[in-house]
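Same chain, two partners: subunit A is paired with subunit B first, then with subunit C.
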Partner chain A sequence: MEITARDAGDVTVLELKGRLDMASGSSLKEQIKVHFEQEKNSIHLNLGEVEFINSSGLGALVSIMKEVRLRKGRLTLSNLASYVQEIFEITQLSHIFEIFKTEEEALNSYQTVQAG
Partner chain B sequence: MIRRDLTYPSSNESEQKLFELTEECLRDEGVDTVLARRFLLAISEIFTNALVHGNNSDPKKEIRVILEIKKTSLRADIIDQGRGGLKRINNRQPSNSLSEGGRGVDVVTYYADTVVFAEDDKGGLRVSIHFDRENEKQLSSS
Partner chain C sequence: MTSVIDTIGELLSRLQSPDFYEREEAVRELGTFNEDEAVAGLVMAIEDSDLGIRELAADILSKMKGEIASRLLIRFLGHDDIGTRNLAAEILVKVGDDAVEPLIETLADEDADVRKFVADILGLIRDPRSVQPLCESLHDDNANVVCSAAEALGEIGAVQAVGPLQEAYTRVEDARLQSIEAIGKCGGSDSIEFLYSCLDTDDPMVLFAVLEALGKIGSLDSVERLLPYLDDADSSIAETALMSVIEISLNNGGKLEHTLPLDRFVDFLFDGIRRGNRDLTDFTLARMKHWHGPNVLESLVDVLDSVGEDERKQISDMLEKVGPTAISLMVDKLAEVTATTQLVILDIVKHHVDEEMAAKLAQYATAPDPDVRQRVAHTLGIAGWSGGIDCLKRLARDENGHVRSAAYAALGWLSTEQEIDFLFDGLNDEYVDVREAAVGALIMSGSGMAVDRFTQDLYHENLERQRLAVSALGLIGDAGVVEPLAKALNHPEATIRKLATGALGRIGQILDVQPLVQALSDEDNSVRKAAISALITVSGAEAVPQIRFLLDDDDLWVKYHAINSIGELKEAQFSEMILPFLEAEDDILKIAAAKALALMKADTAVANLKNLQQSENSDVVQAVEMALNEIGG
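Coming up: the complex of A and B.
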């Protein structure tokens, strides 16, 4: 899986491309750990180019969310393909994660929270 | 019809190889993309369970996969070399919202038309998954 990171204000945006499974989930956790070490605890994951996700990949996302919560940060997701969204719904993780249709909507929500 | 009888060492690379081979077979047999994606997900989940829970990622242990892609159905049998797999499946607890594992079998049973867990003659867990192709055209249009 390819992971591209960039900053959007205070939010770290990671664009994921390819398969999100056991091996790539571990790589993703490692990469996010680097951002945590820099006190970047607002993380947005754009899943628009995730071609495949299995329960090990979901497990990695849950692990990241737990770490974000411990750090009093925030994790958002966006651009889920319909089949990825379906897996979130089957596993009921759609109720646990903050999922936005687009990255723009997700990033706007950080500004709304800060302003509110 | 395509039938493959394959044996893989217990490694993440094996899961990737099986995935790619199955994807190619499904494409060659003209299986609808939605159904193909669900079957690939089911195979990935069961193979990963066999690798991690059945064989404890022991590279000396192998995983046998029998694939059958027919005009009317898709089937895979995945057999590990672990012990007590059936008991583990029967005793598994529902995953809570923040657990990092335990969702794979639920996903497979949701999508597959039939999933059968059995102990093979050597004590390993044999998982047989079956998908009907009867309604596959409706999947893509729905």
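Coming up: the complex of A and C.
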């Protein structure tokens, strides 16, 4: 899986492309750990080009979420394909994650919080 | 022929009838005449013994134009009967404009009570013609008349009355309160300095009125003058001053550069929120960005029960932004609030709960409200607190299906292999939502044990369990599921074979595609179609030689699917095998072929496509036109 990182203000945006499974899930966790070490605790994952996700990939996301919460940060997701959306619904992970339709909506939500 | 006057005369006589219906009819009919005599009769009818007739007459009179009715009614303002006086006054207010001139004339009446009454009525009518006469009435000998005139001027709100009102304040001690109140309502910059000069009054009622008046005038400059009163020992004065500061702030777009000692007013402000006072609510919530000591946060949580949905959302957002202090306080407050507020609190805290707080929340797993228990289940799962597993298992046995569903989902986020058997029990639940939540939890676990159990379930006696099993294996999607899914391609149930084929296609990275290739020859057409899709997904163009034979399948829709799938590869090298379908007997295949050739950008197909432009089937023509556009023919 390809992971492209960029900054959008105080938010680190990671665009994922390919398959999110055990191997790529571990890579993702490692990459996010690097951002945590740089005190970047606001992470947004754009899953628009994730073509496949399995239980290992979901486990990686849950693990990342737990880490973010421990650091009092925030994790958001966007652009879920219908298949990925389906798996999130079956596992009710939409209760854990903040999921937005588009990256723009997600990033705007960070602005709203900061403006308060 | 009876003249109008005779008719009216007859009706006036009937007003004296002992019969209610006769009198009522007479009133109605008099209302259809404009003559003075008729109006006079209607005015007399407001003295009728029957309330209904009095009200009927009043209603008719209030809609009459001209001054006649007003002049007659004014005579009743001195009536012995208070009911008649009040009714006459009511009618005059409703008459409005046409009553103003006669009323103004009556401000000179010899009876002070009448003069007072008239001033009151003019205040309610609020006509600017009354201003000057009422200002003159401020010089009346009778203090009650002066008071009413001052009040009336306040109701009209004319800034030119401020000078006379200031003078009345100075001259008539008994009218000071009314004068100040009226000055506040009239406004104007001239008022402000005068009001400042009144602040040193000994009269607390006057002081209240001055503080309020400054608020109503709304000048930001007044805030400085009001601030000292926020510290007044008398809380009523302090609160009145604060209300005025709030009014001024709201009238100036929320601007307020001064720091206010709001901690003193927590109870006052939050009582106001509870009572639904809009100004206090808006002001307090706006201050929340910078004001959140513990007692404030506690008060915010306390009012969650009292406010509307919009305010609740505002408060929820604020509490969430405040962070851990607020979260902890809210969790502590859960025991004291209603179920509705518990839900609001749980929605706020769920993303912020740590293990310590999760342990506190577990006690609410036995709350009487099932919605609360459901939220608790989700929150325990989100908190990631492994100590919550036992609690969640109890909730998974809850009488309410939604609670059980939430509990299973939460267990999925938390659980280890040790809970696999428990989760599998959820597949026997009577509600499909709970069964799906249990499947979701098992997918989350993705464990080898779960895969083994689902593999066994592929051959469960219950077909739904079989379907759940194959779907779950597909969604678990790890390497361990490939073998059982491949074996399921030989399952006796076509549905299972189809789902297994689809799942393998989705998983993708399969080393041995042979089972999928065999599925291309399945007896069931839905399985063959699923196999086409799966092979294309797994092997891409390399799959085409394997699926090519299905272009001759007996089933029309298998052929259709094969054409579409090959077309979606967008490789012109395959155009030759699609071209013959432009001449297929079935138009649906011609359409599929046209679309496939368009995707391939097969210019070799242009001539054949053009031949179809004369087809009788408009859908064929449309597909061909689109293809030619795409290819550039």
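In this text, the second predicted complex is superposed on the first by the 116 of 116 C-alpha atoms of A that agree within 3 Å, B and C clash if a C-alpha of one lies under 4 Å from a C-alpha of the other, contacts with A are read in each partner's own complex, and residues count from 1 in each chain.
As a working rule, a contact is a pair of C-beta atoms (placed from the backbone, for glycine too) under 8 Å apart; a residue touches a chain by one contact, two chains touch by 3 or more.
Note that the coordinates shown come from a computational prediction; the quantities given were computed from them, not determined experimentally.
Trainee: One more residue to check, A:52. First (subunit B), second (subunit C), both or neither?
Mentor: The answer is both, since A:52 touches subunit B and subunit C.
Trainee: Tell me which partner A:23 touches in the superposition: subunit B (first), subunit C (second), both or neither.
Mentor: first
Trainee: In the overlay, answer first, second, both or neither for which of subunit B and subunit C A:87 touches.
Mentor: A:87: touches subunit B and subunit C.
Trainee: Can you list the residues of subunit A that touch subunit B in one structure and subunit C in the other?
Mentor: Touching subunit B in the first complex and subunit C in the second, residues 19, 21-22, 52, 54-56, 58-59, 62, 66, 83, 87, 90-93, 95-96 of subunit A appear in both lists.
Trainee: Using the touch rule from the top, collect the residues of subunit A that touch subunit B in their complex.
Mentor: Touch residues, subunit A against subunit B: 19, 21-23, 52, 54-56, 58-60, 62-63, 65-66, 83, 87, 90-93, 95-96.
Trainee: Tell me, which parts of subunit C touch subunit A in their complex?
Mentor: So the residues of subunit C in touch with subunit A come to 289, 317-318, 321, 323-324, 350-352, 378, 381-382, 384, 405-406, 409, 412-413, 436-437, 439-441, 443-446, 475-478, 506-509.
Trainee: Going by the contact rule set out above, which residues of subunit B touch subunit A in the complex?
Mentor: Touch list, subunit B to subunit A: 12, 15-16, 19, 34, 37, 40-41, 44-45, 48, 52, 95, 97-104, 106-107, 110.
Trainee: Taking the touch rule as given, give the residues of subunit A at its contact with subunit C in the complex, in rising order.
Mentor: Touching subunit C: residues 19, 21-22, 52-56, 58-59, 62, 66, 69, 72, 83, 87, 90-93, 95-96, 98, 113, 116 of subunit A.
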